[in-house]
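A quick write-up on the structure given underneath.
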Amino acid sequence: MMKERILAAYDPFVLPFVFGMTFVLAYCLVALVKVLIQLKPADRQKFFLSLITPATIVKNIRDLFCDCLFHVKLWKRNKVLGYMHSSIAFGWFMIILLGHVETVLYIPERLHKLYYPIFFRYFMEVKGETLQGSFFFFLMDFFLLVILSGITIAIIKRFRSRIVGMRRTTKLTLTDRIGLYSLWAIFPLRWIAEGFTAGVAGGSFMTIPINWLLHNFMSKPENFTAAWWAYSIALGTFMTVLPFTRYMHIPAEILLIPMRNAGLPVRHTRKGFALAMLYSCPSCGVCIDACPMGVQKKNVQDATVYMVRNLKRRNPKRSLEIAEKCLMCGKCAALCQVQMDACGLRLAYRTSHEKEHNRIPADFGYLEAVDPLPQLGEQKVLYYAGCMSSLTPVISRSVQQVLKAAGVDYELMDKDGSICCGRPLMLSGRQEEARKLIEKNRQLIEESGARILLVSCAICYRIFKEQYDLIGVEVMHYTEYFNRLIKEGRLHVRNGHQTLVYHDPCDLGRGCGIYDAPRQALRAVGQLVPAAKEREESICCGGSVGSLTLRYEDREPITRGALDNLTANNPEQIVTACPLCLKTFSRFAPVPVADFAEVLAQNLEQA
Amino acid sequence: MIYQGKQRIWSEYQKEIPTDHWFYVRSCIRQSFFPASEKTFLEILRNRLGKDVYETPHHTTCGGIAYHSEAIPQETMMTIIARQFALMTEAGYENYVCSCITSFGLYSEVIEDWREFPELLAKIRENLWKATKREFRIPTYLAHASDLIYKFRNEIAEQAKFRLVNQKTGRPLRVVEHIGCHYAKMFPSKGVGGAEYPYVLAGMVESWGGEVIDYPERRHCCGFGFRQYLVRANRGYSVSNTHKKFESMEPFEPDMIITNCPGCPYFLDRWQYVIAEQTGKTYGKDGYGIPVFTYEEVAGLVLGYDPWDLGLQTHQVAVEPLLDKMGIPYNPEDKYKGLDGKQLQRPEFPMNIKCC
Amino acid sequence: MIDFGYGLTPSATLKIEKVDNPLFAELHRLEPDVTKCIACGSCTASCSAGVFTEMSLRRVILSLQRGREKETLPMLQHCMLCGKCQLVCPRGINTRHLILSIGKVYKMEDKAL
Amino acid sequence: MSQNIVVIGGGPAGIEASRRLRDLGYTPILIEKEPVLGGHLARWDRLFPDGVEARKVLEPMLADLDGIKYFTDTEVSSINRLKDTWVVKLSNGLSAQVRAVLLTTGFDLFKAEKKEEYGYGIYERVITNADLEDWFKSGAAPQFDDVKVIGFVHCVGSRDEKAGNRQCSKVCCVTAVKQACEIKERFPEATVYCFYMDLRMFGRKYEDLYLKAQKECGIRFVRGRVSEVSEDIDGHLFVKAEDTLFGKPLKIKMDMLVLMAGMAPAASTAELARMVNVLPGEDGFFLPHSLIDSPCTCAREGIFYAGTATGPKTIPETLSEAASAALAIDRYLKSPQK
């Protein structure tokens, strides 16, 4: 009998696995083709080009290893979760790899059989011990142990998520559950199955003791077929349900990483790049804890993971609700393990919804009559205060005070009311309309001959940076510019020794990556204390124009949550660099809230 | 509708109208619009009721139309009125009755002004003296002619040959009463029944057997409004006002309209023709309009005067359906006969509103 | 029909019972705060588009409730959605969402003012 | 033997002041012309802003009248000064000689009939705020068929010089909003309008009530005073006003209209003022010594005021003024006699 199975190199128990594996490969192939077809031709070309660009190739390989196998990002964030994920991913990868290496080394003629490397231990017999053989036995058992340790953590996490440091985790769907339980079952079953055959097929420190236990105490040797069947069924089940579970992220990420590195934009809510993203969401739930709206329980269902889930299920009502409610602060995206463009997805949804349903077409014809800007001074600095700043006059006044103190001659662009920068329109899904404002502003700015466009609103700054393509104009946020003035010795400030905490406005920090300039400048005028969470983990003030539907009363808890975070180290003052944050925080803050420019203006060194 | 509620208001707005010896002044426009009305008034008061009513050919306009159209200043208008009063004073009368609502409103306003500003009165006396060497006394009592018909409504009812009752069904006629704006809207206490629920015409209708209908736009102006009609560009506004009233009264199916102002019957009558020509819509039964009357005409009908003697042939909206309802005999042949008994030319009939 | 050189003029009176309530009800479902307006005019006073045009959100809100939206919907064409009105609204009305919702419920006449 | 004090008017102010005076050791003689004590409060169902039942305020007061001599169905025939006392003769033949008289004569509800254009007493479907309270209190609803559109007219007889009431009656705005919410509860399908000139939500929680009316009850507010009301052929009302925010006249068919009758000076004010020889204010209410720091005293020695006799007030204001009046009287009586 043993001879037969070795000679035949086949047993019916492999069928579940073969079916599952074939199914998942076919599914992925179809999905891949679908994604590629759905890409816009230009995007597709860009993608293919990136696949042969050396720099991206290196990056792709690095990302694939770091993200898919080692979960470096997760390690940084949470060691237990990092270990759990990388142990399973890397361990499994190694077991598959080693199975193939063994097949190649020992029975290369069997390599064409899909299942052979997987069930290697069933089909072989150890004739005599070799060092090489023992080494492989040891490695296989070692990685099995690694995986089993990961699975153990996973099981514990599922029941006591707080132990691994997660406050909230996703609710699983039925298929997710089937996938999860089959995944949990695979490796213990493999252990048992290999344990049964370890006497014949050989084994190491994990399988030999099991073999001994099974044969002597627990089971009849005849049951070994059942064990292999169970192992194969677990594998087959997992593979078959995989496309319909969160584990789809395992194959999908392999596609997502190069697409992301190719720099493709999200153009649709569930086609092309977006589809690859939807497949890649591991439903891990990091976004749930990341979301500032999570301070209210009713908003938990609006986290990105649920956006993805509803998009996948084609639930337009919930998708729209989630898409419109989001503050677009980008924190979930910043923390996302697969770097899901959560804001992009929502924006795409808003845009298509607006296009389809808005019945009042915009008309900005009146902008044509707007007068050109006055002649700029020698230094060609143009200061755009923005709409919101007219409701927070302290900002524009302080900015101008600082500019004067530094001897900068400047011109205020929006003395008589501003043309909005266009970002609020964009965030509302009105892309083409926003373009009109952008064009007008760009025309005004370029015609003015400005060399530096100074912006004191984080919202405006982001769109000026991302969408304006101003030729010959350096767009600078006032935090950058004033920091530069201090460094260059043009602006003299004194240290007021007040303890300050700096709030990273979403669009400035996560949006444009400006974290250090404001901090450097503030260190010159006060004593900077950290917030509980800051930089890319900073919490939105709650006033964001990104959210379309969030009501006033539902914003307050967010603001309070953000304030708690900022005041963790008892600062004397909260400093922010966005008019909207300033106004929002001022309503509920326990300590005074000041604008960045205001703090600088208060600490100007008198000449 | 709580009738007692209205009675309570009516009881608060009653006037002590003198019974006899009146100085009568006519209206400028009624003599051409409804030429027999004023004659009927004098006829009823003098011959039916035996009252002393004096009129003089020397009286003029009160100046109201010119004043409301801003063609003459207030002082001029007041001096004209002062002259009217001088005529009364010279004739030895103290009770002044006018045929026109505009005049009535203006007299009330002027008397009130003089009471408030005696220096103004002095100035007007001086003006009048300088211009005409006349002197005047302010009337002891100012009445509108409809006040007198109201006062004697029961006496008229006693002599009535016909009642405002549908002879065929025995049911009271449904009557819309329309009061001239200047009757009581300016000085509610000067009108019988006040401004909101005037009783002057309603009282007549009730006495003579009819039933008053209270429709939503009852208070609304007829649409004349001086400048609205006099300036052609505004006439659309004028007819729109009238239209609004008819639309509002239509569901009540009124049999007739009774008015106490020179302009109102004219516009309520003529605009029915214009509306019919413009929209094709008529408000009476079977393509007819709703006949519109002055209170004198109605009193005359009730007392049994010949409809053609009352000048009803000068109406745009045919009155025959109403005469039939009341059972008043009339000879259709005589409708367009002149005073000399010879047939005048039959007028051209409109397209959309039936005129017999 | 005879042309007299004048005719019936349409009534300027608001007939609120004839207002298209289903539309307003739909708007109210999308943005319940629409009824919270106290007509203070802060939105209009601070409006970015108001610097250049006749834009008045207060009037738009009112006109929807009076069945005269045709007169004011074109104003919304000028809105830049900048959110200043939302910031100044004393009642905390989500004005941006209100404006976006109006665009979804009410259709503007083809001929713009 | 404690000193007598005459309190004229047995509404909330009179009852509360009497209780306070009794607590201070005096014997108040409380005179009420109606058959029962309680004034307008006795007629009201619920009170703004929280909807507390009026009887929950009044009943404890009425249950605590020991030591107070009170006469209902009784009017004052004359008041005369005799040396440093006042001799008050009553319609029941009794008379009292006291050093202090407290006038808590309250207000009269403005007679809505006077605003003829609104047709109260003429159109069945026009009622007043007081009628509505009667209805709420007794449960005896007027028999109107399908009530779908309901209107509230603010400022009926308030801020109306021609109606002889120039003053703001202060409580009608919030009463209208309260009643509008209550009526909406009874007719959830109805559309309810409030026609206001200004909304004066001055008191604590009043603005909250207004917000609730807008947000939860869906009451529609129209800034403009109703100009006229008429009846259509079915007996429904035809209401005209100007929407002053929109700048257009407005017309609406309604099934019920509630007139917020304001506070007018009590009819007895002029007569009593003559008896004690003081001049009422131009608005017809008693004029206290100072509206700022001595709202309870009068130019005439020994005469005191409390409550709405000196102008429109809310119930809590009235009650606290009654307490101050009691203290003012106490101080007056304890001060050395001249």
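Per-chain numbering from 1; labels A, B, C and D assigned in written order.
The criterion applied here is as follows: contacts are C-beta pairs under 8 Å (C-beta built on N, C-alpha and C of every residue); 3 or more make two chains touch, one makes a residue touch a chain.
Values in this document were obtained by computation on a predicted structure and should not be read as measured data.
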item	value
Innermost chain, taking as reference the mean of every protein Cα atom displayed	C
Chain at maximum distance from chain C, centres defined as averaged CA atoms	B
Distance between chain centroids, defined by C-alpha means - chain A, chain C (Å)	40
Approximate Å spacing (C-alpha centroids) for the pair chain A, chain D	66
Chain centre separation in whole Å, for chain D relative to chain B (CA means)	45
Multi-chain contact sites of chain C, meaning residues that touch two or more partners	33
Interchain pairs in contact, sorted by label	A-C, B-C, B-D, C-D
Partner chain B, residues of chain C touching it in the complex	1-2, 4-9, 11
Residue ranges of chain A in contact with chain C within the complex	324, 354, 357-364, 366-367, 369-370, 387-388, 390-391, 416-420, 422, 424-425, 428, 430, 437, 543, 545, 548-553, 580, 583
Touching residues (chain side chain B, partner chain C) in the complex	232-233, 235-237, 239-240, 243-244, 274-275, 277-280, 351
In the complex with chain A, residue positions of chain C that touch it	33, 46, 48-49, 51-53, 73-74, 76-84, 86-88, 92-94, 96-97, 100, 102-104, 106-108, 112
Interface residues, chain B side, partner chain D - complex	1-2, 4-6, 8-9, 194-197, 214-219, 251-252
